[in-house]
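Notes follow the structure.
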Amino acid sequence: MNVVDLALANLLSPVILSFALGVVAALARSDLSIPEAIAKGLSIYLLFAIGFKGGVSVAEAGLGWQLVGALLAGLVLSAALPFVAFALLRAMTGLTPLDAAAVAAHYGSISIVTFVAGTSVAQSAGLNPDGWMVAVAAVMEAPAILSALWLVARSGDGRDMDADLWREIVLNGSIVLLVGAFFIGWITGQDGMARISAFIEAPFQGVLCLFLLDMGLVAGRGLREARGILTAGLLAFGVTMPLVGATAGLAAAFLLGLNPGSAMLMAVLGASASYIAVPAAMRVALPEANPSIYLTLSLGVTFPFNLTIGLGVYLAAAHMIAGG
Amino acid sequence: MNVVDLALANLLSPVILSFALGVVAALARSDLSIPEAIAKGLSIYLLFAIGFKGGVSVAEAGLGWQLVGALLAGLVLSAALPFVAFALLRAMTGLTPLDAAAVAAHYGSISIVTFVAGTSVAQSAGLNPDGWMVAVAAVMEAPAILSALWLVARSGDGRDMDADLWREIVLNGSIVLLVGAFFIGWITGQDGMARISAFIEAPFQGVLCLFLLDMGLVAGRGLREARGILTAGLLAFGVTMPLVGATAGLAAAFLLGLNPGSAMLMAVLGASASYIAVPAAMRVALPEANPSIYLTLSLGVTFPFNLTIGLGVYLAAAHMIAGG
Amino acid sequence: MNVVDLALANLLSPVILSFALGVVAALARSDLSIPEAIAKGLSIYLLFAIGFKGGVSVAEAGLGWQLVGALLAGLVLSAALPFVAFALLRAMTGLTPLDAAAVAAHYGSISIVTFVAGTSVAQSAGLNPDGWMVAVAAVMEAPAILSALWLVARSGDGRDMDADLWREIVLNGSIVLLVGAFFIGWITGQDGMARISAFIEAPFQGVLCLFLLDMGLVAGRGLREARGILTAGLLAFGVTMPLVGATAGLAAAFLLGLNPGSAMLMAVLGASASYIAVPAAMRVALPEANPSIYLTLSLGVTFPFNLTIGLGVYLAAAHMIAGG
Amino acid sequence: MDTHPAKRVEIIIEAIMERRLSEALRKVDVTGYTILPVQGGSGRSGTWSRAGQVGRAQGMLAFVCIVRAERLDTLLDAAFAVVKPHIGVVSITDCEVLRAERF
Amino acid sequence: MDTHPAKRVEIIIEAIMERRLSEALRKVDVTGYTILPVQGGSGRSGTWSRAGQVGRAQGMLAFVCIVRAERLDTLLDAAFAVVKPHIGVVSITDCEVLRAERF
Amino acid sequence: MDTHPAKRVEIIIEAIMERRLSEALRKVDVTGYTILPVQGGSGRSGTWSRAGQVGRAQGMLAFVCIVRAERLDTLLDAAFAVVKPHIGVVSITDCEVLRAERF
């Protein structure tokens, strides 16, 4: 199967079609909705499962110096990409510095669901990403926020990042669960996996379908509400920036000599934009920034772009660059 | 195993016993309850799984002209049965025309959980209903509502069916999810099923147990609240009407030459009464109609009647009529 | 594998590590939390699964006179242990008679999650506890409450146990679900299990992980809130009383000649303290008693003690006493 | 602190009417309201609880809507047109608000 | 719009007391009330939150009950008998209602 | 029944600000409040609903806080410092309470 076939197979997978169903239902104003508690339950399941699987595969394969490099690269990418995003936004759109900085934070950070979907695609293509890539995902959540706040401070609008906010970001529920499950998987290894794989592995893709159905519903609702906000410039940014981020991720992977699977995931992390952790941090730290802009862009534009087109492109690129 | 054995086996299955447990717990005023969000989550799972499985089996077996016939028959049954129900109600009970029309709408429409339980019974009996019967179930949800509103209008109490209500009914969450999952299953076929069958098929019966436990709790609570409402006439209607509906369904199946499995499900669709979509529509369109009457009848009387006695009867009848 | 290895293996199992993750996250003030509805949903799943499995194994193995003896022993233990606990509390701590009685009620009653964790440990050790031990667990929930109310009445603070409260306790949701599922399992036996084992057995350990993660979060939050309350005396009681209860349980098991697996579970039931049913009953019956004390002790001290250290000790003791 | 008089309108209405009430309010330019979930209740049409419900037929919501006094009648007329044929309760309380320019 | 004076009583009470309070109200013929879920709170007995709770021991509910002024004392007496030994808060506000015949 | 005048303050605020508002209230010794979940709403920043949301960025909460009149200004000052840069609504109603010693 070549890369184009894989990309198409991804497009017609239950997971992507479930997302599409959600978007269509929301745009058609169906009253289909998933209760908040269920959506949170699904995300807790997914984070636990991803973290745990990553940890188990580290227990199997061991760690190498590459992990250290990848963690550092992740930190740098997350901190640096907001500057690129900020510059692009100021050039391509009419956003105020404040709104531009808020959006930029999202693009430095990552979307764990995009990461999961990317892992599936990589594995379908026979690639074998390193388990510790989830740790890289975890360290990439927060640094982008700092960069964004620095950008705002520089544009004259000083504000202090209180210790509380800092703790909230670093210890936010998703990170703690992902990292905690990673360590549990690492400690218990194959033994632990044998006990809970029927819960962690077997139903995973199905749960992901329902979760993406929900994300589709939320994204569709957001798009309906925010019609007026999406200018051509913002739309263009929403599909350009992921390509920029993916390129940066691939470059880092190339320098570190990661295997093609991990290289693809590095691209995915660079390309994806946060829509859970960073929006919450922005509401606290930059309450005047307009949340419709950053939520619509990251969840309504970049997330579907990555899912449907991006993943195929990043896979092809990783193949080319990292060989395999 | 003959039909009586099958009916008994059904009565003593975990699914039916879970329903009974719920009813008994509610009547005994235990505080056992399932959170609303969980109940909704279970129903989302069931609708997604049923729709998806139906779609996959269509991808396997293909469509025939029978589907078209069955869809039409479903539309006609759903539109026509309310008139029969209305006449019976006016003859057997003292309901006002308004209340009678509201009840009638429920009996033209269908209960998807009864449909699922019927599918299990059919499969245990070695029958093989067509996958597209879920599409028939979907088209039968709404037409009955129109008939009921027409009945009300005719009895002098004119009211308009606004476009909004119409959209709400046709795009209600359950239908969209069922039909959407059907198409996802159809598009992804066995490939898709291979990816998510551990989620869609393996735990299905168990999830159904918990869902029926919840339905038993809600039905039992309703019966306790509505003691005073259930006259002998209403009770008689609640067990007669499903037999009438089943007969109509079987007749349609016979005319269309459906296989015994699909014939049984056609009977089940005719026999079952809505307790989710139609009650909501009635609250909007006929707010003066008493909801206790239609909820108690459809969920407290007809639903358990179908589950415990009806399914066995319809199976036997389908065997006789459609051969097999 | 000897007993020490088993105890260690238990400590490093995904289940216990998930609990630890929850405690650490809560103490570190992470905002990780599991929605209330999901936590309740998980507990409904666990109760249904435990009850059902117990019932199926009774359908397999049959009942013996030992069951009757064990049920009686359970009743006696539950009713008697509060007196021991009350005496210890009065000796070791400065609690008022009212608070001491309220705490005592918890230690006569049982924790079903500790029971489940104990079952896992017993089975990993190759032991085979009787399925009807879940029935013993069920009868042990309530009697302790009566003893506590009697203790309060005796200390001059008369209050009446209204019929309502009595019904609430005996028909509380957990008991009804556990016992109901037990009967469903018993009636449907291996046939029923074959239908739903993919739901009941396969994902069980994984669901338990998430549930214990939640219990860890709640326990950790409670510990943080109640820092000031935990005196050295209370702490000492919280780890002494389970050992006393376990000893009483083992003695009963020895007298009844239970197999080592059931003996261990009898110890676990004696050792564990309620944190769901009894706290609710205490809020109704003894509203002046301080809930922080009994919740912190049973969930924050005794529960983790049993999980991490107790289970290993009770396993070793059951091995020694009941042979095997 | 500077406060300004206003009216707090609380509309307890069937959940299925949520969208209709929102739209009726929007039509008369009342765009500020908060919707609280309702867990159960009792009235002339009996007692109900949300526990375990899958359907939307049973269940109510509470709209809380704070407006300037001079907008009250417009609001009530619009709301009442929606609520009228349905079960539900409308109550109005005097209140004071901060940031009056928002209402 | 025609409005009529009434009283809005808000009783914040432990969730386990729900059935007892409902029954006490019913006994004095107060059959109209709405129960709002409560997510957390703080008081003399500490801070609590519903997150992750399985048991019913912790957790409160808010009863909102609108009555005519002349029924207020009956209601308060009945409610207070239930609330008294428990933690919780009872507040009363003057309000206006539509459809006075319903109260 | 013996009642005493007090103030009922209702603060509708972004969910992410919950801890900050609680702490601000605690700092000025306002330790009694109840937090109600909010299901959706509408305001100058648009319409939102909690349905299906995983993140905490969208979503509001309602703090209900009953205080004696003489504590009102302290409360409002503390609350307003938190609410000010954020979306949200603060309203104050006169009420009567039972068990005045609790406030």
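Labels A, B, C, D, E and F are assigned to the chains in the order they are written; within every chain, residues are numbered from 1.
Convention: contacts are C-beta pairs under 8 Å (C-beta built on N, C-alpha and C of every residue); 3 or more make two chains touch, one makes a residue touch a chain.
Note that the structure is a prediction, hence the values are computed from the model and not measured.
Using the contact threshold fixed earlier, the set of chains in contact with both chain C and chain E is empty. Computed from the mean C-alpha positions, the centre of chain C lies at a distance of 45 Å from the centre of chain D. The centroid of the Cα atoms in chain A and the matching centroid in chain F are 34 Å apart. Distance from the chain D centre to the chain F centre is 18 Å, each centre being the mean of its Cα atoms.
Among the residues of chain C, those touching two or more other chains are numbered 31, 33-38, 40-41, 202-203.
Contact with two or more other chains is made by residues 36-37, 47, 56, 93-94 of chain F.
Chain pairs that touch one another: A-B, A-C, A-F, B-C, B-D, C-E, D-E, D-F, E-F. Here chain B touches chain D in the complex through residues 33-36, 39-40, 43, 164, 214, 217-218, 221, 225-226, 275-277, 279-280, 282-284, 287-288, 290-292, 295, going by the rule given at the top.
Interface of chain B with chain A (complex): residues 35-38, 40-41, 44-45, 48, 52, 167-168, 171-173, 176-177, 180-181, 183-184, 187-188, 191-192, 195-196, 198-200, 202-203.
Listing the residues of chain F that touch chain A in their complex gives 14, 16-17, 19-20, 45-58, 85-87. Only residues 10, 12, 36-44, 47, 60, 62, 73, 76-77, 80, 83, 89-94 of chain F touch chain D when the two sit together in their complex.
Chain contact summary for the complex, chain A toward chain B: residues 9, 12-14, 17-18, 21, 24-25, 28-38, 41, 202-207, 209-210, 213.
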